[in-house]
Structure formats: structure tokens, C-alpha cells
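Every chain is named by a letter (A, B, C and D) in the order it is written, and numbering of its residues begins at 1.
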């Protein structure tokens, strides 16, 4: 079995992106499964081209995209990606789409194909704060999650895909008062635990644990 | 023109729900448009039956469902409803579905048919804090948004529907330290401004303003 | 009996200060007690001169200074003022003292002479979120609390003094996402309840209720 | 030179206290200065007895007390300790004083004798989020800071003392959603940097940097 894990390069005001930093530190195999690591650009559409190219080359069984969600406290597997780009800031090539569909022929949304409840469970058992998120936002993170799921649904039916957001690193919040952060080692530990969950639940139903929102 | 505005009854630990309290205080007409008010139960499926019945009786042009999102700071028109129930607590009839689709034959998600950016714009111009939200949660609020949009898409093509979340009232946070709240009068003022936006943008495209998330 | 209530004028990036706005809307008498209202400048030392002048003219029994604490969720009677000015921004006359004592001959701190626990109790009974705060900051709010208590301790032994912080107004947070606010009417209602507590506890010990912090 | 660093044992609902965990992991010498480590009980008065006994035995030049402030994002050297115990929960021996002075003959407050601005500066340069705090609370943390400064002022004039609060560990927030945490290694790195600042500023004035609050 083979899992492709991607991480974005830095964007906005940050010179570092914990996503690619954490992905680079993952082990090369987890529980006997090969982990393929890929840096992708924080750019609408181009990020998807890079992922697609790697899928064609490596034929992974799973794709887990990782992205930064500054301001979050926990590692958050995303439940769903929606068919819209709505950028608050420009991406790394200056594109700033407002309320545009990602794929004219795509579904309104795609649900994660990963066992998100089990991923949360495995991470918490490793003492890493984690919870299910119901929104991947509307920037390049949601975009790549949607695009990868679109690819899985339309061109690569043997692949299962999904996305996880991670918090800022401590060094990113030194000048951002009252903003949560997580140490890189803990992020790596959490992603590793999430990958173990994906491997352990291969071919099985996700856990039926409580993890929704009260509204 | 006629707009149906619904509000939930109290649920969980609360004896009051600002949604129905605010809906009850709306004027009967706004800019010449009749406002129909409806209290609905915080119950999966039954809430949708009550809305459907009222639609059949009143033939509104728009439906705006209102619900409480405890912990939010602003009035938040929802962008999208997703086809899943995942309850953290039981609803008012003891149902607590975990990761169940709402409609087996429904789309994965339905986007709001309301001008959410214009609604935010109108509310902020009235000095009411507001922003677009990208998740209506996974409890009865997302459920009724999904169900009403499903009805609009499948049975009532002349109707446009959507949902808006509102914060706690001050009295609800007296024993919840460091939790944001909004005065009932301001919530009513905000909903009224949002309804004015719906009326003003009838037959037009939504505003193309920045309102996405940076991740 | 007579109570002097002061409110600061706007400072920093804000064109309005809820402190003086709320003070202006207080009734002229509460439970038979005369309420004297005074706008004071957000300026180190000069604010104290204005308060002292008014005390000499009006001979109040109590002085309650009111100031804005942007970012707080509740009305917060302050427990203590400390003998230091440490300004993050300049005051309204360009002064920005760093770690300077307010009064060379003053105590390191003065505790509020007002019944802060009873004030919180009265406000919560009116459904206004409130709690005791243990820091008035290090800007002009702490300064005027310290100065007024210094005056009470050294020159006006018949006066009892204290300070209360109040949150932003909704209109101040329209462009400050995820920042708590309170409606002006609720702030006025809360200050009025706090004044009723001061009047009711005149000559008595404060309530012995739980209101500390767990660290 | 010798520095005594103390850390509290667990209290409340927690089975671990990051304070003593971090203190235990400090090096035995920093920049040639001996670091004496001491676990102290989360108990009013008894904690002070334990500190006094160790001071009499070890004759340190500095005392830095470390305590947990659950909910804070940063390492926070405290500016001031106030002469009051006001406990929200019972200490580890069941005592819960409400609004009681710590020392009848003590000052209303004692300011930290440590270079708190330099400590913040050194920690931030190591990429550890840090800021000055103006309240050590009203529980055992403020108590031990006050008591140690009282000892320094009254019995041990050669000692300089002060306190620093630290956040929860990640494992403590796994079941506390949306609560900030800091990895133990980063807390240790931060305390070490703060101790280096204390050593480097021995006999010197503190930095005059901006670090106050805007209210």
C-alpha cells in the first residue's frame, strides 16, 4: 500500500508553512505502508495539476492533503469540500477568485473518503488535540481537497482522498498575540497517528463516534 | 412578494432560543413584502415537515431559516448545507443520528439561494457584526437548511431558500464566561437588514465582495 | 447621597468610546441618589486633574470611573489599581510612558473601595454578563483608578472609589472579526445595576461570593 | 550565582501540572549559574513554608516561581502580586479562602523584582510566544508570588523574586476543545530563555520595551 501526503508551500504574510514542514518530517514508511511526500504550490488549479501528475506517477492508494488553518487549536480532518473558490487574499500567483465554482461539471461538494472519526480517535489517543471540521474554508485548501476528490471520483476510482488542517507553529504566533499554535513534533506525531488510522481502517467503515457540532 | 422566516424552539440546556424570539419580533412587512413567521421544532425531519406544510399553505417566494449558533460573534448567513446528520446532543425528541445522510437521493450539498454577500453588507451597514459562514454544522440547523433547499430544488422551484445563524443572547451567557452574545434588538435589526437585502437583490446576482476564509 | 460617574473620551483608532456614551445615558437619580456625570480625557494625569476638580466642586460620596476594555465579554468591576503606567499606544496628547510609577509617594496598589462582588451579583441578576477583573491594565484606565483611589486615600477620606471596564459596542466590532461586543442599552442597564449595588451596600461589607481565578 | 525555580504539583481536575514537569526538565546549570529545582504543594501558606525552608537552606540569589494558567496562549512573566486570596476552587488541602488578605502586615501589592520585559524579549527571540501579564490571579499562584516577594522584602533582602505563568500541555487539552496549549519542550525552552535573561540583566535595569495593555 502507498499513501501520498501533500503539503503547501508558504503563503500570505508567512515565510514558513507548517504543512510542508510537517510532511517533510514524516517517516518514509508507517506500519509497512510507503509514504510519498509532495510539496505543492499555494495556487488555484496549479496545485491540482501537481497532485494529478504525482498520482499518475506513483499510483497511491490514498491521498492525504495537508494545509495550514491559522487560528485553529487542533488537528482537524475535514469532512467535506465544496465546489467554490472565494479567496480573501491572493494565492501565490496573484489569483483571487470570488465565488467561482471550481469545476463546472463537479458535484456541489465531495465528502472525505478517509475515516475522519477514526483519525481523530487515533490522534487523541496519542495526546494530540484533534476534532472533525465541517469546513475546509474557501481558499486553496478547500480547492485542493475538492480537486483531489474530483480526480478520485472521475479518473482514479481506486484512490481514496481527503484533507486535514493543522494549526500555526509557535514561531508563527510570536507576533500574533492570543493565537493558538502547535509544536512541529506534535503535528508530525498527529499526522502519523492519522495515517495509522487510515491504514488500520482500510476496507472498513469509519468509527461511529460523536463528533458533530451543536447547531 | 412573501418571505417565510422560521425560528427554532429551545434545545439542549437552554430555556430560550434567540432564533424564535427574534423571528417573533420581526415586522409584519418589510419594504412592502409580507413576512410570515413560523416556529419550528428542534427535531430532525419533523422540522422539515412543518416547513413544508407552511410552504404549501403560504406559497412564499423566499424561505429564510434562522437558528442559534452558540459561541459565534456575528450574524452569519450560511453558504452551504451538507447531506449529513451528525448530532453531538439529542434533538428535542431524543434522536441523535451519527453520520447519516439526510436524503438518500439528495445532492451532497446545496448552496444557499440567497444573496449572502449582500446580506452581510446590509447588516454591517446597520452596524450589526456579520460575516459569511461556510458551515451550518451537522445538527438540526444544517438539517433544516438542507431540507428546505432540497424542497426548493425538487418540489418548489419558484422558491429560493437559505439559512442564517445568530449568536446567544446576553441572558444565555451570564453563566457561560467569555462567550460572545448579541442583544435581541440587534439580532432583530440584523435579520431585518438581511431581509431587505434579499428583497433588494430579488432577480439580481449577489454582490461580488470579499468574504471567504484564508485557508 | 451623590455618586460621580466618569467616562473617557474616544482614543486609539476608535471615534466613539462606549464609556462616555453609556455614562451620558444613565438616569440622573438612582434609588434616590444623585448621579453626577463627567467626561474625562484619555490623557495621563490630566484625567486625574479633571476628576479632582469635580470632586472638589460636587463632594460626591462615591466615584465610579468607567472605561472601555476592547476584547472583554463582560462588565468587569476592577479589584485593584497598580502604581505603574505602561502604555502600548500614545494617549490623546501623545504621552506614552513605559514602566513609570504614577505616584512616587503612592502605595504599590490600591484595592477598589466598592462592593465589587455585589456589583457583579446585581448585574447578573439583570441578565447582564459580569465578573470581577483582577487587572485594570496599565494604560489610562488603571491610571485614573489608581489616581482616584490615591485621592480618596490621601485627600478625600469620605469618598469611596472604584473602576469598571466595559466591552466594545457592536458598531466598533463590525470591522473587527470575532471580537465580543455589548449593546449600549445593556451596558447602561449593567452600570445602573452596579450603581444600585453600591447604594444598597453603602456602609456594609461586600458579598462573600466566589469570584476569583483558578491560577 | 544560584537560582531557585519552583513548580506546583497538580490541582483541580488535572493529574499533571506542567509547572513541575517543566521545572524538572531544566538543566542543572545555565550560563554557569546553578539552578535549584523545587516542587511545592498547591496549598495556601504551606507552599510558602516550603519555599522559605529551601531559601534558608540554599541561599539563592533569585527565586522564580512557575505555575500553570490554563487558557493562556503564552509564557507570561507576572508584573505584580496582590495581597488577596480569592479561590474559585479548593486548594489541595481543601482550603478555599474568599477575599482574605495574605499578610495583614504586607503591602497591598509587590511588583516583580525580575526583568520581565527582558524575559519576554529573550523568550520571543527563541521563537517562544511570551508577553507580560498584569494579573497572577487570586489563587495559589498569586499567593506564592506575593509570599515570596514578602519574604524577599522583609527577611531576605539579597534575594530577588518573581513569577511566571505557563499554558496547558497538549495532553491536558485533548478533552478541552478550543483551548490553547504549549509543548513541554517549548515551555522548558522558554523558561530557560527567561532564566538567561535574569542572569544577563543581573544588576541592570530591565529593558524599556512596549509591553503594556491598551485599556
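In the analysis below, a contact is a pair of C-beta atoms (placed from the backbone, for glycine too) under 8 Å apart; a residue touches a chain by one contact, two chains touch by 3 or more.
Treat the numbers as computed from the prediction; the structure is a model and nothing was measured.
Using the contact threshold fixed earlier, the set of chains in contact with both chain C and chain D is empty. Residues touching across the chain B-chain C interface largely coincide between the two copies, over half of the numbers being common to both.
Chain A and chain C have CA centres that are 47 Å apart. Taking the mean of the C-alpha atoms as each chain's centre, chain A and chain D sit 39 Å apart.
The distance from the centre of chain A to the centre of chain B, with each centre set as the mean of the Cα atoms, comes to 29 Å. Under the contact definition stated at the top, not a single residue of chain A touches 2 or more other chains. Contacting chain pairs (ordered by label): A-B, A-D, B-C, C-D.
If you check the complex, the residues on chain D that touch chain C are 12, 67-70, 79-80, 82, 84-89, 98-99, 107-111, 117, 132-139, 141, 165, 206, 208-215. Residue ranges on chain B touching chain C, taken from their complex, read 73-74, 124, 127-131, 170-171, 173-174, 177-183, 185-186.
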